[in-house]
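Per-chain numbering from 1; labels A, B and C assigned in written order.
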Amino acid sequence: MNELIERFAGRLEEIRQRRPVVHNITNFVVMNFTANALLALGASPVMAHAPEEVEEMAALAQAVVLNIGTLSTPWIGSMFLAARAASAHSIPIVLDPVGAGATRFRTETARRMLQQLRPAIVRANASEILALAGEPTHTRGVDSADTVAAARSAALELARRNHVVVSLTGIEDYVTDGARTAAIANGHPLMGRVTGTGCVATALTGAFCAVEPDPWLAACGALIVIGIAGELAARTHRRPGSFQTGILDALDEIDRAILQTNARLTTALP
Amino acid sequence: MNELIERFAGRLEEIRQRRPVVHNITNFVVMNFTANALLALGASPVMAHAPEEVEEMAALAQAVVLNIGTLSTPWIGSMFLAARAASAHSIPIVLDPVGAGATRFRTETARRMLQQLRPAIVRANASEILALAGEPTHTRGVDSADTVAAARSAALELARRNHVVVSLTGIEDYVTDGARTAAIANGHPLMGRVTGTGCVATALTGAFCAVEPDPWLAACGALIVIGIAGELAARTHRRPGSFQTGILDALDEIDRAILQTNARLTTALP
Amino acid sequence: MNELIERFAGRLEEIRQRRPVVHNITNFVVMNFTANALLALGASPVMAHAPEEVEEMAALAQAVVLNIGTLSTPWIGSMFLAARAASAHSIPIVLDPVGAGATRFRTETARRMLQQLRPAIVRANASEILALAGEPTHTRGVDSADTVAAARSAALELARRNHVVVSLTGIEDYVTDGARTAAIANGHPLMGRVTGTGCVATALTGAFCAVEPDPWLAACGALIVIGIAGELAARTHRRPGSFQTGILDALDEIDRAILQTNARLTTALP
């Protein structure tokens, strides 16, 4: 296990040295927090959504992150343009299907993006994964054991069918490429009390993708980092306002030694 | 009086247990702060504005909050769609006519929304209420005694004419349904130095509406909570940046005992 | 030198007394931080972008700030409308050509705005200034000595050709109207780890423009203030999350004495 954590630590150092450009087309609620999280980690965030420039911007980036949190038809059009430019340049795409399952528009858009844009990674929670897989959801609050099991099974199936890494977050995170699986037990309940911690997990996944060619490892590294950031922030901040600030500080603080001491990763390889 | 505060405390506990979904169509400046304030209070914020999904999203919510802070014609269209879906499902609507009186577009939009969308509550400051009522305004800075008196009179008139609760914030807040009135003396001057504290008051009003069927009580409860949050934050934070963080922490901290000790409410019943 | 700092201190006091309205048409990422920075300084931020109201809003303001960070064709249209209304009322315009040089759309839009809207001040970094001047850029990270020299030379040329004050930020800032030049050595490296510190510098430049008729002085005053704010914040906050909060607190704290002690300004007058 130490070997994998060593690899994540190396990738984190690479992010800080190379400062990869992560092009985000994301939602209005989390743009500031996401950009600051990427900067705190060491990456270079760019936000741009105009159809006139997204192809050019995506081609300049080392990863493209698409997040449908406040989706609209014009923004979806820009996401498709950016993704196609990214694919043409072999730049990895990370998809966050925020709210899939809540409305038909979200569910259908998320499925269409998964099928047509060929993201390297989908980062989502249990109800979103179930919606992507076409299974009944309506979960809210802490997921039941049944929901977690159903979502993991759907994640495996989605990963195999779509050749995508599924990065399923929850009390315990679960990352699979359809063959390898990882369970990550980092994180803190206060993360659910701050808007955008899931979106930040997705954005950091983009940063790891920019330096790590194996998307399963990139997804695992990012979830460990955001999970530990939540744990570090919760040590000194007990309420959500200061906790959010603490997450940004922790993303800046995390290093090889902190990763080695705190990472809680279990893998199952085929 | 203790009886009313007890009721607000019970509603606050209900928000934390039931975590009602509050669907916000709000302005770009405050989306993050508003979502975090709702989460800190205990509610479940949702932001969605696409015409393809707002009706479905509004119907899933327990309250709908419409805020015209960065209004545009397409977003107004979505607000109308969401409001009509909410009304069809008897879901309460809270309106924040940000900047009414500053431009004709805002004033006319705010009036049209008040008349056609039948909000349960309008939360606004003195100049916005005067603009809605068709009276001359041009107030800026601390409202004069004359302005306060004129705005309260306009609030009463608006409440009666439109069958709406008017939640008028200022140094001392004033809430009326045209018959009952309440004055709330909670709050702190630093709240005027942080963008979006008014918008947060509106969003929290939505959260209270989701669990309190009497909109006059919902409006009073929300203003007491945000006012006390400002007071608590000001005890440890003397400057606006850390004060904003402190407001979120305080919204998480407020409980029955804090409400009982700090609420400053005066009511006049018919 | 003390005389200039005295003048900036007087202007800062004027901002706090008169609370000028600064109308921002800016990017989604920094709207909240920008509005809070203007409030912390003492100004009155307004954000509005609908074509139906931007002319009226701009005419109510004492300065208009245009920032193309998340530009799109409809928003550019609104920026042109607002700028023309501002010019018609002799209200100063400050332009932030975020990302000029990164995509053709940005470069061309920024040049068009510079030439057609006659801003009083352009606030930008080295690569943006080089892009505006039509010179090759592709700088990222800390600017080399060569890049700094090239950007200053381009700034002088742009200032003369376009009758604009160029406010070029970097390790050492450089402000010129084509005749006078100033070098400002305030600031802190952590400012590059928080999104929007450049955009905040631009917005504060708008606030100074609202009370200082000489745009070269307005630009210098604003850069000294944001630079010192960064230094003050870095004294107590060593990581980017809390540092961002600290910048807002520092903008509220800065006064005449702090300016006199900390300003690091060198001028060259013709």
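Methods note: a contact is a pair of C-beta atoms (placed from the backbone, for glycine too) under 8 Å apart; a residue touches a chain by one contact, two chains touch by 3 or more.
All values derive from a computational prediction rather than experimental measurement.
The chains other than chain A, linked only through touching, hold together as one piece.
Comparing the residue numbers each copy contributes, chain A and chain B share less than half of them at their mutual interface.
Averaged C-alpha coordinates give centres for chain A and chain B that are 33 Å from one another.
Residues of chain B in contact with at least two other chains: 28, 32, 244-245.
Taken together, the chain A residues at the contact with chain B in this complex read 27-30, 32-33, 69-73, 99, 102-106, 140-141, 192-196, 239-242, 244-245.
Interface residues of chain B, counted against chain A in their complex, comprise 19, 28, 31-32, 35-36, 39-40, 44-50, 52-53, 56-57, 60, 244-249, 252-253.
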